[in-house]
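So the structure is just underneath, and the comments pick up after that.
We just call them A, B, C, D, E and F in the order they show up, numbering each chain from 1.
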Amino acid sequence: MNSPRVQTDWASPVMQARVRSRYAKERRFRFMGFAALALAGAFLLFLLGTIFANGYTGFLRTEVKLAVEYDPFTLGIDSSALAGPGGENALNTANFQGVMTAAANARAQTLGIAAKDLVSDGAWLALREAVRTDPGLIGKRVDVWVPTSGDFDLLGKGLIDRAVPEANRPVSDTEVAAFDTLKSDGAVRTTLNTTFLTMADSTSPELAGIWGAAKGSLLTLIVTLLLCFPIGVMTAIYLEEYAPKNRFTDMIEVSINNLAAVPSIIFGLLGLAVFLNFFGMPRSAPIVGGLTLALMTLPVIVIAGRIAIKSVPPSIRDAALGVGASQIQVVFHHVLPLALPGILTGTIIGMARALGETAPLLMIGMRAFVTDVPGGLTTPATVLPVQIFLWSDEVARGFVEKTSAAIIVLLVFLMLMNGLAIYLRNKFEKRW
Amino acid sequence: MSAAALILALLGLAVAAYLAARARAAAFAGRTFANAADRISSIHSRPAYHGWYVALWALVPALILVLAWSVVGESIVADRTIASLPAESQPQTTLDRQAFLTEVRGVVSGQLAGAFNPAADAAVPIYRSIKTQWSLVIAGLAALLAMSGGGFAWLRVRPHFRARPRVERFIMIVLILSSLVAILTTFGIVLSLIYESVEFFRRVSPIEFLFGTNWSPQTAIRADQVGSSGAFGAVPLFWGTIFIGAIIAMIVAIPLGLMSAIYLTQYAKPKARKIMKPMLEVLAGVPTVVYGYFAALTVAPAVREFALSIGISNASSESALAAGVVMGIMIIPFVSSMADDSITAVPAAMRDGSLAMGATTSETIKRVLIPAALPGIVGGVLLAVSRAIGETMIVVMAAGLAANLTANPFQSVTTVTAQIVQLLTGDQEFDSAKTLSAFALGLVLFAVTLCLNIYALAVVKRYREAYE
Amino acid sequence: MATMTASAEATVSSQPKMTARDVKVFYGEKQALNGVSIDVHTDLVTAFIGPSGCGKSTFLRCLNRMNDTIDAARIVGRIELEGHDIYAPDMDVVQLRARVGMVFQKPNPFPKSIYENVAYGPRIHGLASSKAELDAIVEQSLVRASLWNEVKDRLQDSGTALSGGQQQRLCIARAIAVDPEVILMDEPCSALDPIATAKIEELIDDLRGRYAIVIVTHNMQQAARVSQRTAFFHLGTLVEYGDTAEIFTNPREQRTKDYITGRFG
Amino acid sequence: MNTTPTAHTVKSFDEDLRQLRLLIGEMGGLAKDQVDRSVAAIVARDAEAAQAVVQSDPRIDRIEAEVEQLAIATIARRAPLADDLREVIAALKISAVIERIGDYAKNNAKRVNSIAQDSPIRPMVIVPEMARIVSQMVDDALDAYARRDPELARDVWKRDNSVDEYYNSLFRALLTFMMENPHHITPSTHMLFIAKNLERIGDHATNIAEVVYYSATGEHLTDRQKADETVYTVSEDVEGEQER
Amino acid sequence: MATMTASAEATVSSQPKMTARDVKVFYGEKQALNGVSIDVHTDLVTAFIGPSGCGKSTFLRCLNRMNDTIDAARIVGRIELEGHDIYAPDMDVVQLRARVGMVFQKPNPFPKSIYENVAYGPRIHGLASSKAELDAIVEQSLVRASLWNEVKDRLQDSGTALSGGQQQRLCIARAIAVDPEVILMDEPCSALDPIATAKIEELIDDLRGRYAIVIVTHNMQQAARVSQRTAFFHLGTLVEYGDTAEIFTNPREQRTKDYITGRFG
Amino acid sequence: MNTTPTAHTVKSFDEDLRQLRLLIGEMGGLAKDQVDRSVAAIVARDAEAAQAVVQSDPRIDRIEAEVEQLAIATIARRAPLADDLREVIAALKISAVIERIGDYAKNNAKRVNSIAQDSPIRPMVIVPEMARIVSQMVDDALDAYARRDPELARDVWKRDNSVDEYYNSLFRALLTFMMENPHHITPSTHMLFIAKNLERIGDHATNIAEVVYYSATGEHLTDRQKADETVYTVSEDVEGEQER
């Protein structure tokens, strides 16, 4: 053995300096970590802030007060026709557009602008709803609040910069003046945009709604959930509890692990090639979207399920086997109940991912312009994220706020799902 | 009788079979025994298993029959109906035949008041009767199967009969079938991509595709148009993909993600961690389309402004930098959570060991934790790269479509995924090289990510096993 | 040397409860056990000792086929429970494990109530035809496991809320509840402190006579304390098997002697 | 200190210790009995009774072997510590002492034949009294052991002096007696040995008391006895000086 | 009673290496230690024994401020290393831990080569000015930890590839490499089999005299074997502290006696 | 079996056992020395030498206490098993026996005063020879212990008979001598006791041999000795019958 070293002199200046520099490094490193996290947080806040600032106006709309005469002649119906079984049909065939145009023209002329610049193309729908609730309106002349045109809507929300030279902005000086007149008359107001949450897509931003896309998402996710939850859980159970170590099992494992990391667009190509081209399923249908997303979500659920099952300590299995439970009993009496919170958490996260997924659905045509709320699994539909994508491509300035508003809706759903997942995870985290 | 009703009836039958068999088994299980060992050795399975056994025998074969019928039944009925029509009123072409059947079914289901085609109108009663006949036959067969299956099983209910292993074997088969879905999906992907790609490579040489530097997949409007079959050199796409996904995004994501994970796991107090971790999860939960929108709407113009301000005149509004940075931010939580997992997988004992030697926390991290977690972190980064190059929406919305081969981050580049979306949206003709090229691109993308994934997962797995 | 175990000796049933003959175990290519032959008697506690990796746990797990759950394990030789080959095709492994109970190294109660922990075995085997009967089984098992007094007022509490030693006794109660003939214990005290260990040892002593007990331990003192028969394993071989007092005061084999006296080379 | 300690958690350990104590008790009872019976045989000059004593001795030897085995097994199996360990060691030592007491009794019994053939010798009247004291010492020492009573042990240990005094007076008487008549020499010699044996038995009872005291308290009586040893030595010396 | 430790006794330095006076530890509301006072001497191995949760490990971790890593822990009282309060503001925890090394319950070598494991401490503290010097330190440490002969031909192999006992000796070598004055060992053998345990115990005996060694163990026999001083903790209180032979053959306190003789009530 | 066993992994355990053996060796050497010196003093009628022997005895007692403490500490600290345990127990028993040998030597030495005052007695010529044999037995028994040699132990054990024969002849000679002249009675009585003590020392050497044999082999010589015990008893009886 070597001669014993001299005891380290910790108080020597060299050592002291060394320790000081080590502590300085420590502080720097710690700051870097904090800075990274802070940067990520700042970005998130910026992102959410931007979206919200752009989007909250999407839930509002500007309305203008017009004196409308429900002229039975122009409408082509009278109040008696609305009573009885044929009433609905009569209402649908009535010429509310005409009444609206008349009222709008009258007002627009006083302002020196075109009627289409004053009111929205779909403003007549408001009249129809009014008559539906009160058939007695026919033949009367009343003041009605109707949605303004897209440009006036933006003016109403102050989203148009009046300082910009006339040539570079969508509204002319005349229109601005007209709007100001209306405003000083108290004939414009800003209210909650109900159509946004109840209607489907439209070419006019002030009429476009997300309910169609939301229902499309819902239908798609139902298909996805029904398919991938049972299959995913069963696969996870098989792989984790029973699968013997062999080539076949390895193949399944590699498949699943790889599928989880395959770009989502590839699943879109699969859906396109197999479901649409090979099986001839209908384009743009929630069932195809659901199937495609199910294949994409399946590995997520399998992996989450396997992790949850694996985290059940083997000692529990030994214990059950030790008192004479069969392999199946072990799983269904002990492992599965204990793993369920984890599996559910994984499933919710998988579904949240599916809800936010866009690319594969583009491939199978769920970017169709659908103005109707989808009724079933095979009718053409779109989904929220695709709707966002479509609107983001629109040139009309009004769609910017719609896009952001749709994003807010989507994010709210995602937050709810993720929040539920986090809640589940925290509540059931590691009890053994 | 409709399939749904039939299935309901079968389920009812199965429930009855279960209850009956369980009661029968309970009768002999109710005897008293001197001790537990006697009981265990003289009665094999608990009554419920006998019940399940009989119920499954009653249900499953019949159910398979009914399901098979619901798949092929319609076409059988249709064939029969058409065959029984007079020859002259039979539809000739496939298209005719389909229109004909649609009308018939419409009338039968009551959606149509009447058919436009008189022949179809005439076929309606025939269709109805054939369908009823067959449904009855199938219902009868199903009942027979259920009865005989259930009866067979019923006779086997004995104290010593091993019902449990048989029921369990059935469950096992169902489990195995479920796990086949994953393999089928993989095969589906591979086969469909290869099938369409082969079509593509018949038209365009693979060499040109893989090594060509000119990408302009404009298709001919008319088949006889000369010289406008498009150029399919995908190198600019590959470069754009790598430039955005593997370079710019990673420059952003790796340091930020790694340092975030380190701060979270090693420095943050539990309370702070409780707030910060969900924050990263929120970042991870934001859909890519939102990032894309953000990149296009906010970041890209800002980048362009910045580029112009530093004197880069050819800055595009759809720049590689904008897409790359936003993608990097999107990947931060992914890198951070992989790194977090890897670092927490390093046993706490190692950290204690190092601290007990008098190392500072950062020394412990840099010299012990990171080296120990390195395989896991590297695996995580590779997975992140794989994810970045497969990411679609951000690049579709922010990177643009210009297939430039440039290293200037302020210029517009395009990526494989962006091109796939571009090529496959709108009208699709499955015989044009343009459409098919999307599948070739998909194949390349799949192959590359597959290799990355398998390698990364193997690395991560080996790493995990080291600490189990 | 046999004086002190005279009483135990006297009651040895002539018929062993379990017999193992020339049992070999292979894990893939590796041979983990080279032909072990042993008899296990009711009325006696049999201890398996030996260094890590000597095969004692492997052999224990052969006795109730817990090795079945390991794919690569292959077992050769014959193990009989009351004369029946437990590896015969007609032997149902579930029934076997009900008859040959097991207690593990780490206490592993189910994360359920104490009551449910004990009631689980009787439930799956259908040993109780009524709630009252089940209650009786649970009480009796807990009493036998010397746990009743400590838990009788909180049977609905979770089994995992008990202390380590109590958990292990709960696991023993759970094993007892299906009224097994043999109880295998795999280092049941290695995760416990001396106090809990002493209580388990005392319990093992109480249970002797009712069940054939086999205990694996790497604590030689423990084997000396609780067992009447000791088997010393080394490198997969059964080196010596005999009366515990004899093994610990006057072993016949040099390897046994070196091991128990702490001469590990 | 002489309260019964609380039970061990592992009750079979208590069982082992109880067994050990029972064996010592049985052995001590036998030995005391041997002492009593041998003295009775000497007094009664009863060769048959003496023979019975000789034949009983192997039982004591057997129990000693048993105690030793049980003690070794207990150490091996229980790894006793503190007072448990001292108790086991005490049992081991006490059994050896008791065995020796038995030997002395046997040796005395063997001498009955020789004594019986001659006429009774006068100084013998002291023997029963001496034997009574010695026997009581053995009894009390064993009692002290059984009850873990260090005070009783100390008491026994103090009584050794009186035995020595008896022995000295007997020794003097016998020497005188022998000188009176050469025919007295053989029986008196045996008587001398008998007296010496009794004295030794008393010593051994003292030994037991010392062991009991140590086992119960963890402290040695010996240290103080060494201070007292002069007494003992004097007593021996008295015997020697008597001769001068 | 002190005969056999006479040699150890003789060499006790008059000045204790570490002293603890009335140390109390609180975990949040809960008080884990109620005023412990102890001296630790170089030349002596001090063992802490007691049932689970008695505070022995908690106290050990106070001695090198490893409790600092637990946020909720609060320490009251005075602990001195060579007369300096280790909780004083001017005491640098990095230096303290270099001077008071620690070995843990589970062997925890870094997943690096054997060489790097041992070189780690000297590197971070800058104890070697050249590669040759570092090599010398590594060799010397491994030699002292009785591991050199087993690993000298494979210093570049991973430390985690060693057996459990070797890993633990590697951890000891790692602790030795910074030439500490005190080595704390927290149940260093509880994860090891009897053979590895015996080797560690032998090593502890070898190291005695060069370092003040404190070992926590819940194996009483082990404390008896390796230590010269034993402290018995119970419910956060130091019940008895004294010469090991004395504690194990003639303890003064009833609680100590009951514990070491296995009377756990 | 008499090879040195391999070392313990924990070397301080070996150290403890070695220490124990050293102490026994030292104690045995002292005792043998005491025996030799006491006999020499008797032969030389040297009261001062005798006094020196008496004064050395406490050293043996001290070592015995040391052995006991070390044995207890070893059991407490090492929890020895198998032959280690037997060896510690053997040390404990042997030390008690050696202490007794020392006592006998001391007792003999004390008698030198009484003998020296009278004229030399004839039968004493046998004593040195007997002492030589006995001393050799003690020596060999300790040797057997030190070398863990069961064969040597068995050899010692067999030699006990010859000591008994010497004793018997001395006994007869002394009786005759006493009868010749009443003045011979006192020194002869002491001589008788000396002879008896030497005989007892021989017995004790035999005891040591038995213990060594058991410690080394785990088997008892006693069993066979019990069959042989008649020899022993006969020898005692011979002594008695001689008198008849």
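Throughout what follows, a contact is a pair of C-beta atoms (placed from the backbone, for glycine too) under 8 Å apart; a residue touches a chain by one contact, two chains touch by 3 or more.
The model shown is predicted, which means the values in this text are computed figures rather than measured ones.
Asker: Any chance you could name the chains that touch chain D and chain F both?
Answerer: C, E
Asker: Using CA atom averages as chain centres, what separation in Å is found between chain B and chain C?
Answerer: 48
Asker: Once you find the CA centre of chain A and the CA centre of chain C, what distance in Å lies between them?
Answerer: From the centre of chain A to the centre of chain C is 59 Å.
Asker: Roughly how many whole angstrom separate the Cα centroids of chain D and chain E?
Answerer: So the centroids are 51 Å from each other.
Asker: Identify all positions of chain E at which a residue touches two or more other chains, and write them in rising order.
Answerer: 94-95, 98, 124-125, 178, 195, 198-199, 220-221, 224, 248-249, 262, 264 - these are the residues of chain E that touch more than one other chain.
Asker: Which residue numbers or ranges of chain B touch two or more of the other chains?
Answerer: 40, 164-165, 360, 363
Asker: Which parts of chain F, given as residue numbers and ranges, touch two or more other chains?
Answerer: Touching at least two other chains: 8-10, 13, 72, 76, 78-82, 85-86.
Asker: Could you run through all the chain pairs that touch each other?
Answerer: According to the stated criterion, the contacting chain pairs are A-B, A-C, A-E, B-C, B-E, C-D, C-E, C-F, D-E, D-F, E-F.
Asker: Quick check: in the complex, which residue numbers of chain E touch chain F?
Answerer: Touch list, chain E to chain F: 1, 3-4, 195, 198-199, 201-202, 205, 221, 224-225, 244-245, 248-249.
Asker: For the complex, which residues does chain E have touching chain C?
Answerer: 51-52, 164, 193-196, 198-199, 218-221, 259, 262, 264
Asker: What residues on chain E touch chain B, complex-wise?
Answerer: By the definition above, chain E touches chain B via 64, 66, 69, 71, 93-98, 101-102, 104, 106, 108-112, 120-121, 124-125, 160, 171, 174-175, 178.
Asker: Help me check something: in the complex, which residues belonging to chain A touch chain C?
Answerer: Against chain C, chain A makes touches at 244-245, 313, 315-326, 329, 333-334, 338, 431-432.
Asker: Residue numbers of chain F touching chain E in their complex, please.
Answerer: For this pair, the touching residues of chain F are 8-13, 16, 19, 66, 69-70, 72-74, 76-79.
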